[in-house]
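Next come two complexes, and both contain chain A; in the first it sits with chain B, in the second with chain C.
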Partner chain A sequence: MPVVFSHLNYIYSIKTPMEFSALKDINLQIEDNSFTMIVGHTGSGKSTLVQQINALLIPTSGIVDVNGIVVDCNVKKLKNIKELRKGVGLVFQFPEYQLFEETVLKDVSFGPKNFGVDNKKATELAKEALNLVGIDESLFDKSPFELSGGQKRRVAIAGVITLKPKVLILDEPTAGLDPQGSREMMKLFTKIKEQGTTIIMITHDMDNVIRYGTDVVVLAKGELIKKCRPYELFLDQDSFNSLSIDEPLVIKMAKRLNQNGYHISLENVIDIDSLVQEIKKEKRYE
Partner chain B sequence: MNNITLGKYVPYNSFVHRLDPRYKIFAMILLMVCIFLKFASIWMNFIIYGVLAIIIFSIMISSHVKILALFKQLKMMWFMILFILVINVLVPGDESLGYFQITSNWKIYFSAIYNTLYVAIRLVLMLGLSMVLTATTTPLQLTGALEWYMYPLKFIRFPVHEVAMMISLALRFIPTILEETDRIMKAQASRGVDFQRGKLKEKLRAIISLIIPLFVSAFQRSDDLANAMEARGYNPQAKRTRYRVNKWHLRDSFSMFFILLILGGLITLIVTKFDLVAWIMSICA
Partner chain C sequence: MENKAIEISEIEFGYYKDQTIFSNLSLDVNVGEYVCVIGHNGSGKSTLAKLLVGLNEVRKGEIKIFGQVLNEENIYSLRKKIGIVFQNPDNQFIGSTVRDDIAFGLENACVKHEDMEEIIHEYAKKVNMEEFLDKEPGNLSGGQKQRVAIAGTLAMNPSLLIMDESTSMLDPKGKREIRELTNMLRQENKKLTIISITHDIDEALQADRVIVINQGEVVLNDKPEVVFKNEEKLKEVKLDIPFSYKLNQVLNKNNIKVDSVDFEGLVKELCQ
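And now, the complex of A and B:
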């Protein structure tokens, strides 16, 4: 399901002294079944941008088109808003704060029930989602508040993916997790992407961007700076320095090797394994 | 969540914004007293209400408080005004002001209608005044001023500082909790919760899905805050200095003089039983 923004503007608290222009003339297309990373400084408009996709925020001007469902400023009460939200799942930062039910299973099946799925089917969907995120069956009847931080987050994410959205938006899903938990989380999202879901993820972790992203969108002060393949972001030293984005370790290493006579194409370097492969290739040619 | 206009501080730099918060509380109380004064005749009452309304509305305009917002708040008060009217009609009134004879033993006194009108006007004016106060004074300034007023209570061992700290903490967290509410509502909305429409049962579930996470995070937050305060050595009994010290300026004296003039004038009118309508009529005659 492609997501298209055209001439999108968003202003917070319009016509008050607190007026703040969060997004300025965004023109962007997010392709079907991509893993699009959104990066930028705090306050660059990342969260505002993704909230336009499922009509939690309505654009001040311009349109958002999600697979034919158009959201623009003229629509006061969207008729197909439920349909839109069913197709677009949004996982907020620290999603564990949305848990409220008595048991894990009930909490996860809350979503489907809201969209009119009957009890039995909703429970089935919930179990499926919980299996996918790796929550053990023994925890299904526990209170979500008894779980550990990482488990809570998994349950909360299960609560969104149980609806099987076509587009899954994630707002810094790995924030506050240990490296192990973070890696497992990313693996989970790759699995979800393989099932045909478009994933849009806000992140500050450039290693994840280069490792998992198919596209990267750079925002600064509410403006779209760049949309490109992740490695392209690091080709031009000046441009990413000015955006104060950190260079991923593997890219840094590959660049250093190239300076010393190697000819590694950055395009193929996404993690340590692929870097090793590239270096081996180089050896073979010599 | 951003549509809560009542009682929200709006950062302009108007004359009223710059006034001393202690004085603003004092002035609001004085003006409220003015609103509740009773004059020689009904018409006199309405004339004074008109004058007070002009004064209060011009204060509102000069401090950028929207009068329209005030009348939007009235929507909620219709029921109350209606209720007061019904009660007033059922209670025997002042026969001397005249009445409608409806059946042989049931009269509606004009005084019932006047009394209801008084209440309605007073409510509007009071609401306007409190809107001016909260829109031009930050919560912290307000608590600072309250603490200053409560100072004499220290002599009867009332924990003034602790209470002021509690109030300012509570006020401090209102915007945070509103933000949190907004976030949780959005999170639940993307799980398909409809906060606007739905049957009673669905609405109840929607509200539960908001309130429980809100409570959980509020407790979490207060726990963190208590730890953070203790870690920095907070001691409620300790003597503290202030970061912002209220200073009395000439403009405060000037506007205090103005308010006292109004109150004094009105009290004179009451004491002398002055009636403008009767006075004009006596001149014409």
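And now, the complex of A and C:
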């Protein structure tokens, strides 16, 4: 499903002394079935932005349109919100705020049950999802609060993917995962995208942005700065320097080599293998 | 003068009876050392951190901090020397504003009231959070929470600093800034010991020593250059090698012969 923001503003604690304007006139179209990465400095408004999509936060003004369901400051009709949340799944930046049941298995099967799936089927879905995120069966009957940080994140992700949302929003889903877990999780998200889901992912990991992203959105101080293809972000040195975004190491290497006479096209470089393929095309290695 | 900050000998621990996280773990950390601990999810890193600050008790064996065996009597006095930044910063906030929160820590560290305001500003500034002193810690963004948690802990001027994935939600530049900050503190105080639990290999490359934990056991324990040469072992325990090590391998596999395992070295060799 596509997600469209128009003239969206969001102010925290409005009309109090603590009032804070976190999003300013956001106009943005997130394409259907894209893998859209959202990047930006600490406090730039990324988490605030994605929470508008499933109406966890309601726009102060302007709208979000999720495939025809419109969220604006007048949404009060709960029926609409439930329909919206069935289609839009969100994994929080801090997974602990998403976990609440007595056991891991109950926690993950809660979602489908809540949307009317029977007990047995919900448990089946939950087991399947837990398996996909790398949670061992020995942890199924544990309290989710007695898990390690990375285990909690995996369980929180499982809880959302059981719902098979049309839009899957992930707020720093690889923070705290071990390297192998992080790689496997990215592969899982890619597979989910291939099945038709739109993925919106907040991350600071630029390697993931160029490896897996179809689009990237840059926020700074509550404003939308740029939306482009991932490699385009790194073509113009000045612009990303001023955004305090780091280059992925493969791009950094490609640029250094180009300064020394190589002819690598940056848009072909998405990981180490593709970088080496580009290096091999140089005359000197023929 | 004691030269060990931490001596862990043959400890056994589990959260409940039929659970064993550590069956026989031994480890030493020297005063002034900067050690990174890496390991897969659930390997026992945070558990180890909690044992070091006496939040949980070992079943067998002992833990010495600055030469003293950790026990119920000395834990409060020892805690004055230990600063810990927890994996989830929300578990550490007690004040209703960022300012109060840092002040609470200072009170516990017995800092005089008249000095507090200056210290609070100094550390809030060091982590770029000076503008947020009047905000509620719960109402900050993820990265801002982590910065405040770090400031609060550093302000107490600990001799032993334990950081449990405390920069996991910062952008790479933010991560570097915090690393520069702790490096500076180590310059000022050569006795400051740092244990940093992390999944960030770039950070681990900068450490004096890297300890790799797998299912509650130490599997590698050496200088980063040595640890990251063990690719097979690291893969086996779900970890990874740094970018430049990997690039070196893939190049060699493709018949482009290189020796360097650092970024600049590779640039040089490829451009000869």
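In this text, the second predicted complex is superposed on the first by the 264 of 286 C-alpha atoms of A that agree within 3 Å, B and C clash if a C-alpha of one lies under 4 Å from a C-alpha of the other, contacts with A are read in each partner's own complex, and residues count from 1 in each chain.
FYI, contacts are C-beta pairs under 8 Å (C-beta built on N, C-alpha and C of every residue); 3 or more make two chains touch, one makes a residue touch a chain.
None of these values were measured; they are calculated from a predicted model.
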Fit or clash - chain C, chain B, common chain A: clash
Touched partner set for A:R256, first chain B, second chain C, both or neither: second
Touched partner set for A:V276, first chain B, second chain C, both or neither: second
First, second, both or neither for A:M18, with chain B first and chain C second: both
Touched partner set for A:F110, first chain B, second chain C, both or neither: first
Partner chain(s) touched by A:D141 [first = chain B, second = chain C, both, neither]: neither
Contacts of A:E267 with chain B and chain C, given as first, second, both or neither: neither
First, second, both or neither for A:D178, with chain B first and chain C second: second
Partner chain in contact with A:G150 - chain B first, chain C second, else both or neither: second
Chain B versus chain C, judged by how many residues of chain A each one touches: C
Segment of chain B that clashes with chain C, given the candidates 8-16, 62-70, 80-88 or 224-232: 224-232
Doubly contacted chain A residues - partners chain C and chain B: 12-13, 18
Residues of chain C that touch chain A when the two form their complex: 15, 39-42, 45-46, 87-88, 90, 135-136, 139-144, 147, 165, 168-174, 199, 201, 235, 238-240, 243-244, 246-247, 250-251, 254, 256, 263, 266-267, 270-271
Residue ranges of chain A touching chain B (in the complex, touch as defined): 12-13, 16-18, 51, 54, 56, 82, 85-86, 88-90, 92, 95, 97-100, 110-111, 114-115, 145, 159-160, 163
Complex interface listing, chain B residues touching chain A: 2, 10-12, 180, 183-184, 186-194, 208-209, 212-213, 216-217
Of chain A, residues touching chain C in the complex: 12-13, 18, 41-43, 46-47, 93-94, 96, 146-151, 154, 172, 175-182, 204, 206, 244-246, 249-250, 252-253, 256-257, 260-261, 272-273, 275-276, 279-280, 285
